[in-house]
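In the two assemblies presented below, chain A is common to both, partnered first by chain B and then by chain C.
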Partner chain A sequence: MTIFPEVARVTLRALVGRRRTVLMLLLAGVPILVGLLVRANSDGIAEVGPTLDGLVVRIILPLVALVFGTAALGSELEDGSAVHLLTKPISRTTIVLAKVAVAGTLTAALTVPSTIVTAILLAEPGADVVGITVSLGIGVFAGSYLYASIFAALSILTSRGLLLGLGYALIWEGLLAGLLPGTQVFSVREYVRGIVHLVSPSVIDSVVGNAAVPYAAIALVAALAIASYRLATYEVRGSD
Partner chain B sequence: MTAPAGPPAAIVLERASRWYGNVVAVNDVSFSVGAGITSLLGPNGAGKTTILHMLAGLLRPSAGRVLLGGQPAWRNPAVYRFVGLVPEREAVYDFLTGREFVEMCAKLQRLPDPAAAAARAIATVDLEPAAGRAIGTYSKGMRQRVKIAGALVHDPTILLLDEPFNGMDPRQRLHMIELLRSMAAQGRAILFSSHILEEVERLAEQVLVINAGRLAAAGDYRQIRRLMTDRPHTFVVRSSDNRRLAAAFLAEPAVFGAELQDGRLNVRVAEFSGFTRIVARVARDAAVTLYEVAPTDDSLESVFAYLTSRR
Partner chain C sequence: MTADATVPVIAATPAAETGSIYDIGYRKYEGPRLGRAHAIRSLFSHSLRSSFGIGRGGRAKIAPITLGVLVCIPALAIVAAQALIRQIPGGQGFEGQLPVRFDTYASTIGIFVVLFCAAQAPDLFGRDQRHSLLSLYFSRALRREDYVLARMAGFAVAIFILQMLPQVLLFVGQALLATDVLQGMIDNLHPMAAAIAQAALTAGLLGGLSMAVSAFTPRRAYAVAGIIALFIIPSIVAGIVVGLGSADVGRWLVLLSPTSVLDGTNAFLFDTPRIGQFQGYLDAVPDIAFLVTAAGGIAGSIAITIRRFKGLTA
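Up next, the complex of A and B:
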């Protein structure tokens, strides 16, 4: 089992140490900045869960996952350098798993600390800080991998993965899935809310409730399966 | 490098076709090549890359079969254990150094000693001085060589190269020719594409001529060369007396026709070398001074078109 870590290591090298990472760091810093502002002018707020849901789960998390998820595989398929990886005696599923693992881990590494620090800053005196931070941390952690796998799959399905992913994140997750009843079953944001609710019910309410875990698991497996199949049958067109 | 083990060095296309929607890129092509150096020769857009990508498992054949060492490459990554591909596109992982890239290839091939194998491959392509630098800083020729090192790090029995000499200077070209020759001498099958006749001339024993998605000619290089030269040609001749020269040419059996046009004489002949042998004698006998004799349609495209139409 030396293949997975090798693919992961090279993917990590591709994704960090670039302008992209700096931008993502800034993005993950936005909630903390908001938290500092609130803290400077008050003793904190009561609705920490819903606030972080609106700020992190709805906007920051999908954006960070979108950038890492599509860059992990989509950008090298686009520029052609992926050919060197595809023409090796390794299963395409291994490639997908390693890529998603790295994209998800990077997303979590930025968004989970951001969520926890912001939650601590926002929490009013006497609040259940442990319950709030642990539940939100676990929810965002799970959401990082789920989003990363969906965006990675999207980047293999289409060369416009970044654009389509942005549309999906903003329009579906950001707007429609929150407004219309029934759509929540197909919303990563609702799964994250459900997981947070499961860990600490008082932090946030959830429409999907306990079903969030199986829904999220199905979505994750489906995204990975689609990505693996599409990569196994990926066609590289030449110049002629 | 040691002699290759494993599946036979055989590359086979059986009535293979590939189309994109309504566009046919490769049309019913069959060939079989074994150990040695074979060239896929044809103009740009002839379908060479499509054939190589089908062979390398990067494109699904629309019809027919494509086999490497007896196995299909499509959806079968196991073939890459004994196959190496050098793609035409330049993109490599720019953020890795040359050595890191070749070592990555060695590790993904599960070689027992990746560092040693990578060092060997880098030495083979003469890239040692630059191996510690990021690939992003490489010249075109260096990129080409690092790609080749990555493709042969596992000692493949079959090596596929798409336009391998692009961007190389003459010295590197010569080095690469020697390298490919020595690899072929060890019993490997090497198939490379090219649109430049001179490259093929110096390297390939066997030639497959591809034009407009079809196999136009196949065989020994000298045989193909003869087909290319001994075909109907048109020469443009300027002389001191075109009219008299035209009459003299028309008496020759090798000449089909001659016409005067804008102070030049266009001569249609049965074959290239036949005409070049008689032109000086005919002019001398007719007491005409030749100013210029030039073939008009010696572009590679016209050669390919002729070979295709012959079938």
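Up next, the complex of A and C:
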């Protein structure tokens, strides 16, 4: 398993330190900006949970996870340099785990602080700030790894993983969640809400409730298994 | 073409043993030169066609065709629902309450149009830059601003078609549902005109902005993320700040969100109350502000894109 940190280190170097990071920092800064705007105009709001759910969990978190998750392995597969990794005697599962670990950690590193700072800014006087920040922080932390693993799996399954992931986040979790409530059982956003609800029930209500944890665990394992299997049977081909 | 052009020069000087020069028959192009206007038209139709994946590989067709089908589903579903409701005794009364109409169609399919922009705009400008094809374009009769305008116009027309296709289906469905088909068409002419104007504004604003983003970010992934961020995040931010009922300045924030601006023009064109996050809060923002912002956004995105390509080394 000594190869794991090495793959992770290379992935981290590839993902950090370019325009991508600046763009993602800007994205993560948006909730804080909203928090400041609200703070400038009022003493804070009562519905911190739903507001952050609409902003961070629905948009910022999936978008950041999407960019890191699909770039962690997808961009290498796309430009062909993944061959250098795939032709070495490294377990494909190890590769997937390392890539997801880095993408998820980067996502969490950007979104969790942003969530916590925004929650502190938004919370009105007398609110249970600790409960709000801890529950939302844990939820977004779990969501980072879950989204990253799913989007990494998507980027291995298809060359258009970015677009497919966007479609999933916007259409499945956004549009269909309202029209067909049953789809919420299969939505990461609901799992995040469920985890937040589990830690601190008053922050947010949830459809899946306590079942969110097993569902999220199943989704995480399934995404990692599918990604490893697909990478194990991956054929190196020329680009079209 | 003269036949003797291909005759080797050596035939004239058979004595030379080494170092002879051959005329290997390079020809000058003497056919018609189709000129700048033709180049613009070709690039326009190429942009329009490749926005829908026509003339590209099968995998490039998946996204536009999927989104094309998705935008049509509400129109087909609502016509089917109307036909079914009429079977129910007394069902006629519910027809007016169906949620999908011409005035709500733009917002119904809004998310698909945004996804179409994110999926297709980065290809039009990005591929030319990634594969360094710009020098080939600019060495022709095409000027740099022609290139930009032709590409942007082609993409805007593609978005326009994407939006009008389901509304034409809706129009035909409404006409056929009426017992008097001609009267049914006449009744729907006015909303149809507003729908065309709204689709044109949407095509210009969303198309222009997404092309401007992709002109600056040749890498596909960044362009896609940038377009989505530009279209989705401002509307949520504006929605939160405005929804909190904060100061008057906050209301003008909606003008920074392209999709909210288009919601505003939609309400103006159909003369309906502002929907979505606009409810109630925004009566302070006059209709004209939305129209001016939309026009400014279109002009600004074109100007900034032209500027970008003027400065690029091809």
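Everything that follows uses one rule, which is that the second predicted complex is superposed on the first by the 235 of 240 C-alpha atoms of A that agree within 3 Å, B and C clash if a C-alpha of one lies under 4 Å from a C-alpha of the other, contacts with A are read in each partner's own complex, and residues count from 1 in each chain.
One rule holds in what follows: contacts are C-beta pairs under 8 Å (C-beta built on N, C-alpha and C of every residue); 3 or more make two chains touch, one makes a residue touch a chain.
It should be emphasised that the depicted structure is a prediction, and the values quoted were computed from it without experimental measurement.
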For this session: Could you classify chain B and chain C on chain A, in the superposed arrangement, as clash or fit?
Result: fit
For this session: Give one of first, second, both or neither to describe whether A:Val10 is in contact with chain B, with chain C, with both, or with none.
Result: first
For this session: Check whether A:Leu176 is in contact with chain B, with chain C, with both or with neither, and answer first, second, both or neither.
Result: neither
Exercise. First (chain B), second (chain C), both or neither: which does A:Arg92 touch?
Worked result: first
For this session: Answer with first, second, both or neither: which of chain B and chain C does A:Ile218 touch in the superposed model?
Result: neither
For this session: Look at A:Ala46 in the shared chain and tell me whether it touches chain B only, chain C only, both, or neither; answer first, second, both or neither.
Result: neither
Exercise. Touching A:Asp79 in the superposition: chain B (first), chain C (second), both, neither?
Worked result: first
Problem set entry | Partner chain(s) touched by A:Thr2 [first = chain B, second = chain C, both, neither] | first
For this session: After the superposition, pull out the minimum Cα separation from chain B to chain C in whole angstrom, please.
Result: 8
For this session: Across the two complexes, find the residues of chain A that touch chain B and also touch chain C.
Result: 240
Exercise. Of all residues in chain A, which touch chain C in the complex?
Worked result: 19-20, 23, 27, 30, 33-34, 37-38, 41-42, 45, 51, 54-55, 58-60, 63, 66-67, 70-71, 75, 159-160, 162-163, 166-167, 170-171, 174-175, 240
For this session: Name, in rising order, each residue of chain B that touches chain A in their complex.
Result: 20, 25, 44-50, 52-53, 56-60, 75, 77-81, 83-85, 87-96, 101, 104-105, 107-110, 147, 150-151, 162
Problem set entry | chain A contact footprint on chain C (complex, rising order) | 57, 59, 62-63, 70, 111-112, 114-115, 118-119, 220-222, 224-226, 228-229, 232-233, 236-237, 240-241, 244, 246-247, 250
For this session: Using the touch definition up top, name the residues of chain A that touch chain B in the complex.
Result: 2-3, 6-7, 10, 13-14, 17, 76, 79-81, 83-92, 232-240
